[in-house]
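Chains: A, B, C and D, in written order; residue numbering restarts at 1 for each.
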Amino acid sequence: MNKVYPGIEDALADIQDGMSVMIGGFGGSGAPIELIHTLIDRYRKTGSPGNLTVINNNAGNGAVGIAAMIYAGMVKKMVCSFPRSSDPKAFTDKYLAGEIELELVPQGTLAERIRAGGAGIPAFYTPTSYGTLVAEGKPVAEFDGRMYVQERWLKADVAIIKAELADTKGNLTYNKAARNFSPLMAMAAKLTIVQARKIVPAGGIDPEHVITPGIFVDRIVEVSDPKQEEVLLREGVQA
Amino acid sequence: MNKVYPGIEDALADIQDGMSVMIGGFGGSGAPIELIHTLIDRYRKTGSPGNLTVINNNAGNGAVGIAAMIYAGMVKKMVCSFPRSSDPKAFTDKYLAGEIELELVPQGTLAERIRAGGAGIPAFYTPTSYGTLVAEGKPVAEFDGRMYVQERWLKADVAIIKAELADTKGNLTYNKAARNFSPLMAMAAKLTIVQARKIVPAGGIDPEHVITPGIFVDRIVEVSDPKQEEVLLREGVQA
Amino acid sequence: MTTKLSNAQIAWRAAQDIPDGAYVNLGIGFPEMVAKFKPEGREVIYHTENGVLDFGEAPPAGEEDWDLINAGKKPVTLNPGASFFHHADSFAMVRGGHLDVAILGAYEVAENGDLANWSTGPGSVPAVGGAMDLVHGAKRVCVITDHVTKKGEPKLVKKCSLPLTGVGCVTTVYTSLAVIDIVNSRFVLREKLPSMSIEELQAVTGAELVIDGPVGDLIVPEV
Amino acid sequence: MTTKLSNAQIAWRAAQDIPDGAYVNLGIGFPEMVAKFKPEGREVIYHTENGVLDFGEAPPAGEEDWDLINAGKKPVTLNPGASFFHHADSFAMVRGGHLDVAILGAYEVAENGDLANWSTGPGSVPAVGGAMDLVHGAKRVCVITDHVTKKGEPKLVKKCSLPLTGVGCVTTVYTSLAVIDIVNSRFVLREKLPSMSIEELQAVTGAELVIDGPVGDLIVPEV
């Protein structure tokens, strides 16, 4: 068993038009910049993959990463909790022009829906959003005297995430708070593609320290010096 | 902040008659033998805490740990998935005599109900047990063409668990497969009491390697050379 | 209108009520300021939605690690005893009632504890983040806010007019003029600026202020 | 009745159908034997309910670590690339459809895929463990079993008489006489012992055996 792909293009080859794509990261922390931009390059060259539904906490910042995907015109819909950032222009302009859809999901509900997708739980109840616009149209129920909203699982065709270490069997660790949504997304996607700062042989990660067990990971590429979205933004990278 | 208790008796002092107690471990792996037997000693001396509802995957083996609690007469009810073991006499005799109650929960549902209790999710749907005796009386619902059973969260008054390392703020690691239900139980109990093989200063566990963050832990005692249930059984410890 | 507390002073006052050993989530923006005013000798453990417990102050300029940020995407440092976890575990802490205190900003707070703090209505891009989870998770949900809007209209109201963040969720409101608990769907006045009469305070409050026990003086140092 | 496969031979046959790179859960007892017959050159990653992925064989006597056991409470070792996780994550793997194959024993299997393998009815202590989760999680749910009970009664039946473990969940049955897929709620015969006629096999099977395509010879070495 060896899940390592030599090239990013190959690893991403099965991402097609119209797919739902979970993208790890919270702002720039954990954003798989090289995977995203390789996908953008392909779209610019071939017109595919377009019409994507992108699932992330945010909706891009500046002109890098998800914002660059939006500028490129690949994204049909964002599923996120917070489509604001220090420079949210990419999303905001298209959203206000009616050119991109938004499904707004409270952050904890987003995380739990993704986990539920990975864990085979089709629906669960949460107090979050009860009595608000966000809960409109959703079933509600009372448990132990309190009202709750029923939320459905969230799955995706693909997850693209960034790890710190990966072993050849797909076991992963993350760097600090870059973990965020990535372990959940790895569980909830049919195909999970990982860029890792370093790939080590099987056994190279202490079994006690594995955060994402390899069963949730399909493909790994090594990106040994990954770009940091926040740094690129500060360097003023343009669309 | 220092969650360390000098003595096991003190750490356990608030466990009272009629409480629900989650006990970590899967068979002997992760069973907090010293916490359990200190509780049994108190019961034998004072008649309290009795009438306990005990939540664990199993219902005791031989005459050690949970089996010893059952022999002592402290346990009113077991909530578990597999009340069998190589020597299940303690539970079996009382159960067949109608002297102990049993709530049988499929293992994955037990784990998820405990997690739900800790995560503020009052109910969720699972395919597990649909159409079986175990699902009788539970609401069912169809999602995406498949039938599911609604399960409720499971919480407890107290959790007693065994850790490998604890820091003074309550962050925990576990030893190998001794992890099992313990991180979930720590989340789902009002009061979580931990016996750790070693207590280290805050910062003594790499933040990347913490399995149970301290927010889920209330009290810690050091038991530097903990007994292993399986070893005691093989040594033939009697009730 | 009489003098009022600055934002820093409101944050200072809220900080005094956070007990030693508390697990606390501070909302993005103004609420983050509360951390600055932690009383000496108290230990407070801060939680951030993106999966860090027990983070510390911002690092010195140039020493930022952009993988180590808070929910506001600002760089932070770690205290000894910090831990990392994924987003579902992070919100298990929130939703599961493990946080002692959450402090948020507000557009409006209603006397029944309803909070509106995420949307100013149609025409803007809606963004909710973790607020809807936090208001139903923490044991105490505190709001810090100016007592009135920039136009001088009450922010403490009978019923919110803006889209709700949560229903019946706020426990205490720290404003520029007063400290108010929400008890049985009423605003109960706990403290007010000594320079202001109850009548003057009532005049800038959109729902009845209930007096239930002594009303303390809201005295805050220059900060 | 003609000769039949031993349990080891049934386990051997089931092992041949586990593809390279598969994630597999083997039930307690008889199914554990399948691991012994993994074909050379294939890599199989074993999952155990209690939170280990990629465990290996039993350790030598005297080298047991009782914190490192499988769901049957037997000591195991680790392969390079193993990992530990808690029970909720373990059953996320199961329920979430991440396992390729689960292999279980059976009291009865019905032609619609219903499985009964956890309770022989009232009077005993019921114990279900992880079976009810496994049957709804793995992509392939395989049963290994003698074709008939000790009394000679069919275990493959029209409708289970014992309490169900799961509804419509079994995909393939490896018996002492045959290999049978369950397709559209029918037993489809794939292989049978060459020494046995279809009629003879049908006579010890409690529901119709459907022939859909060629029926192979079930040939298993002495093991």
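We adopt the following convention: a residue touches a chain if its C-beta (ideal position, glycine included) is under 8 Å from a C-beta of that chain, and two chains touch if they have at least 3 such contacts.
These numbers come from a predicted model, not from an experiment.
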item	value
Pair joined by more contacting C-beta pairs (B-C or B-D)	B-D
Rounded Å distance, subunit A centre to subunit D centre (Cα mean)	36
Averaged-CA centre spacing for the pair subunit D and subunit B, given as whole angstrom	30
Cα-centroid distance, subunit C relative to subunit D, in whole angstrom	56
Multi-chain contact sites of subunit A, meaning residues that touch two or more partners	112, 115, 119-121, 126-127, 174, 176, 207-208
Sites on subunit D at which at least two other chains make contact	84-85, 88, 91, 94-95, 136-137
Chain-level touch network, classified as line, ring, star, complete or other	other
Subunit D-touching residues of subunit A, taken from the complex the two chains share	1, 115, 117-121, 167-169, 171, 187, 201-203, 205, 207-208, 210, 213-216
In the complex with subunit B, residue positions of subunit C that touch it	20-21, 23, 43, 45, 47, 53-54, 78-85, 88-89, 91-99, 136-137
List of subunit B residues in touch with subunit A within their complex	112, 116, 119-127, 141, 143-144, 146, 148, 152, 173-174, 176, 207-209
Residues of subunit A touching subunit C in the complex	26-30, 57, 81-86, 88, 91-92, 95-96, 102, 104, 106-112, 114-115, 126-134, 174-184, 211, 228-231
Contacting residues of subunit C [partner subunit A, same complex]	48-52, 65-69, 73, 84-88, 90-91, 94-95, 114, 119, 125-133, 136-137, 163-167
